[in-house]
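Shared chain: subunit A. Partners: subunit B in the first complex, subunit C in the second.
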Partner chain A sequence: MSARTLRAEGLTVETWRETRRAREPVPLVRDATLELREGEVLALVGASGSGKSLACAALLDVLPPGTRRRAGCILLDGAETEPASLRGRAVACVLQAPRTAFNPLRTIGDHAGETLSVTGLRGAAGRAAMEQALAEVGLGDDPRVPDLYPFQMSGGMLQRAMIALALLSRAPFLVADEPTTDLDLVAQARVLDLLAGLVRERGLGLLIVTHDLGVVARLADQVAVMEEGRIVETNTAAALFAHPSHLATRALLAAHRALHEVP
Partner chain B sequence: MIPAGFPARSGSVAVAGALAAGLVLLALVGPLATPHDPLAVDLTRRFEAPGFAHLLGTDHLGRDILSRLIAGARTTLGSVLAVLALVLGLGLAVGGLSGMLGGRIDAVLMRLCDVFLTVPTFVLALFMIGALGTGLVNVVAAIVLSHWAWYARIVRGLVLELKTRDYVLAARIAGAPPLAIFAEHVLPGVVPPLAALATLDIGHMALHVAGLSFLGLGVQPPTPEWGVMINDARAFFWTRPLLVVWPGLAIALAVLAFNRLGDALRDRLDPTLVAGRGL
Partner chain C sequence: MTALLAASGLGKSYPGKTYPDTSHPGAGRRGERPVLSGINLSLGEGECVALLGRSGSGKSTLARLLLGLEEADAGTVRFRGAALPGLDRAGRRAFHAAVQMVLQDPLSAVNPRHSVGRILAEPLRHLTDLPSPARDARAGELLAMVGLDPASAGRLPGQLSGGQVQRVGLARALATRPALVVLDEAVSNLDAPRQVEILDRLAHLRRAHGTAFLLITHDVRLARRFADRVVVLSEGRIVDASPCRPGLALSHPAARELVDAVLPASPRMAREEAR
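On to the complex of A and B.
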């Protein structure tokens, strides 16, 4: 079987300004094409507001109110697919802020049950799958974890729990929208190692949104650079760092070097 | 606002809670616990003063007032309960649908709410009774129809706010169906403020039931009901003021008790007030 692919082609997202006469469309993502392959990490980088998160939301068809997808299609293994049918089956997601991504009134086990109900696993089999997923992200040592409420866990633990939920869905692709931004450095390193390990061992196709080029250098095979809603450069990570061709890429690299004092 | 005397406040809550519990108990076992038959007419014992035989005295037909008050608790509170259940059900259904689905359905449902909200509640209730006729069932229907839109609006607002939470987004991406998202993630956020509002409204609705009955539009005599009792006693107000005082006191106490409970519940559940209480 050839490697599975998930391709977003020509995604265009817009919002609109109400004028007295008509609605005036304002483009936010313009003709963005992303291709994810099994066992590969694609990093989507760009400055804040460049449309990275919206592109991901469009990929999953969870655009916020006031925006809409104008054009583009999603191809799973080359066949056009309704994005809503991918959710929880072909694509799972890790959100930026673990603190708000869990319902404060529900335990980790409840959240796992919700994910499992989509896959159809229930009862003892579901429980076993949950324990295995928690063990895989390093939360397996403490048997109390499934009964914990989100406020009883640290941000790093929650982020790993979120990755466990993503694994539970058995989706071959994972979208991680700035998964380390809200974590401290130690937790960041653990989450990144965990993601890298999952890509290697499970053959996960990972789309990681970030503005941290350190994350890119560490994980990514392919990099797509976004600026003002457009993907301005796509290249392998090594080539991108060695020969950045677009102005936006150079600016990002320069900013990264200035910040981390690399001569 | 930081409440200055918290112990005193919780004391008043305890009193209100005990009163409300007592009233609910009376409504439940009332007809079994009345000292006399609330409908028994004895014209030889009209306008008897409070005494051992009749603890609160008798009315213009010689009926025992305490028995009528106890029996009336069931009519008044029972109809309020029916009103609340229907209002909450309608409000949750319409507000939930509106908030979850949005778009055109939301617009149509909310314009419908606006129609009901523009008419003053009492006028709408009077109009409904004019159309449907008098009687307890029609009073309940009238109060429900003139109040559900408020609840629908509030539910919709809460749903819209809760829908933007990250965990709802996470559940959507995890592939959870909309109904499951509503039940798991939205409803738990809607229920607490709604419960507080409903408790606050119990007193208000009791006033409506009693008020419409007082006007002769609701419960018909001789059924014991507090509003009807006040209406009956009106004619003798100058000579026997106590006849008005007893059911009036019952209504006032019920309204105060449930209002205080609703206040306490709101304070307890409103997260913006929790910080001030040092919880």
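On to the complex of A and C.
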């Protein structure tokens, strides 16, 4: 069997401005194409407000109110698919702010139960799957974790728990939107190590959105650079760092390198 | 020479426990969680110090104690030699005008219903004797100082990007011409181009006005780029310290952990490190 792929083709997202005469569309993402392959990490980078998160939201069909997808399609292994049917089955996602992504009134075990009900696992089998997923993200040592509420856990633990829930879905692809931005650097390094391990061992296809080229350097095979809603450059990570061609890429790299040197 | 702001023997506990339970047996009354203990830290006029530590190490609590927003259980904070709790009304006003803070989450640090101009005028109204027209002029000056269009004085925070609101917070902190600005993870969440831009602006302000800075961060790169010296906080104690130049010399495991967590500068280095 050939490697599985998930391809978003020509995604276009817009919002609109009310003018006196009519609704005037304002493009936010313009003709963005992203291709994810099993066992590979694609990083989507760009400055704040460049449209990275919206492109992912369009891929997952979870666009916020006030925006709409005007064009584009999602192909799973080459066949056009309804994005809503992929979510939680072929694609799982991990969000930036773990504290707002969990229901504060539900334990980690409750959240796992919800994910498991989609996969059809129940009872002892479900419990075993949850324990295995928690062990895979390094939360398996403490038997109390499934009974914890989000407020009882640190940001790093919550982000691991969210990745465990993504694993539970058994989806071959994972979209992670700035998964480590809210974590301190030590917690960030551990979460990135965890994601790298999952890509290597499980053959997960990972789309990681980030504004940090350090994350790209650590993890990515392929990189797509976004500016003003357009993907302006796509290349392998090594080639992009060595020979950035677009101005936006060069600006990001210059700032990234400036942070690494002492003035 | 009297220090600008000095903490000696500072300690603080909060009620309640966290998960996992890290309180040591006999660390205090039952259910007391020590957050800081035995902190000695002195900031000189015009000095730039980075306070480095992981989430939960007590950095923000220390900042709150230094600013007098909370009272310490033990030890004292002295502002130009005078203990904080002993300040009279005029002394407190001078202290607040001299020591300002910028917080991590810019949107929650401003009133969403107030225009940027009003946000900037607030500390001027309370902490200085500037008349109203002079306050407006100062607001425009402050916006230019942080690289924002003076016309943005009429806009609401919600109409600006996160990076722009963070610069409004910075402008507000600079409004009273403070001697010290405390930046509590104030640049951590911005992207690299904005981090570099803001740090360069602050370095310029420092040269021009002799403002002292306390940069609170978990990012060794920011500390190294901006500060004169680094102080490392771990589990509520200062465990290591080093000047930034010629290079950071940190040896405590908690400090090494932070240094080692810095992501590689380029993919080639990443592969070599993995080997």
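In this text, the second predicted complex is superposed on the first by the 261 of 263 C-alpha atoms of A that agree within 3 Å, B and C clash if a C-alpha of one lies under 4 Å from a C-alpha of the other, contacts with A are read in each partner's own complex, and residues count from 1 in each chain.
In this section, a residue touches a chain if its C-beta (ideal position, glycine included) is under 8 Å from a C-beta of that chain, and two chains touch if they have at least 3 such contacts.
Computed from a predicted structure; not experimentally measured.
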> Of the partners subunit B and subunit C, which touch A:235 in the superposed model: first, second, both, neither?
Replying inline: neither
>> Looking at A:249 after the superposition, I want to know if it touches subunit B, subunit C, both of them or none. Which is it: first, second, both, neither?
In response: neither
>> Quick one: is A:92 in contact with subunit B, with subunit C, with both, or with neither? Answer first, second, both or neither.
In response: first
> Which partner does A:260 contact after superposing on A: first (subunit B), second (subunit C), both, neither?
Replying inline: second
> Thinking of the overlay built on chain A, is A:114 touched by subunit B (first), by subunit C (second), by both, or by neither?
Replying inline: first
> Can A:53 be said to touch subunit B (first), subunit C (second), both, or neither?
Replying inline: neither
> Just subunit B (first), just subunit C (second), both, or neither: which does A:102 touch?
Replying inline: first
>> Applying the document's definition of touch, where does A:217 land relative to subunit B and subunit C: first, second, both, or neither?
In response: second
> On subunit A, which partner's contacts cover more residues, subunit B's or subunit C's?
Replying inline: C
>> If I apply the document's touch criterion, which positions on subunit A are contacted by subunit B in one structure and by subunit C in the other?
In response: none
> Which residues of subunit A touch subunit C in the complex?
Replying inline: 47-49, 142, 144, 148, 152-156, 181-189, 192, 211-218, 220, 237-238, 241, 251-252, 254-263
> So in the complex, which bits of subunit B are touching subunit A?
Replying inline: 102, 164-167, 169-176, 180, 184-185, 188
> In the complex of these two chains, what residues of subunit C are touching subunit A?
Replying inline: 18-20, 54-56, 161-163, 189-196, 203, 218-222, 224-225, 244-245, 247, 257-258, 260-270
> Which part of subunit A faces subunit B closely enough to touch in the complex?
Replying inline: 60, 62, 64-65, 87-89, 91-93, 95, 97, 100-103, 105-106, 110, 114-115, 117-118, 162, 165, 169
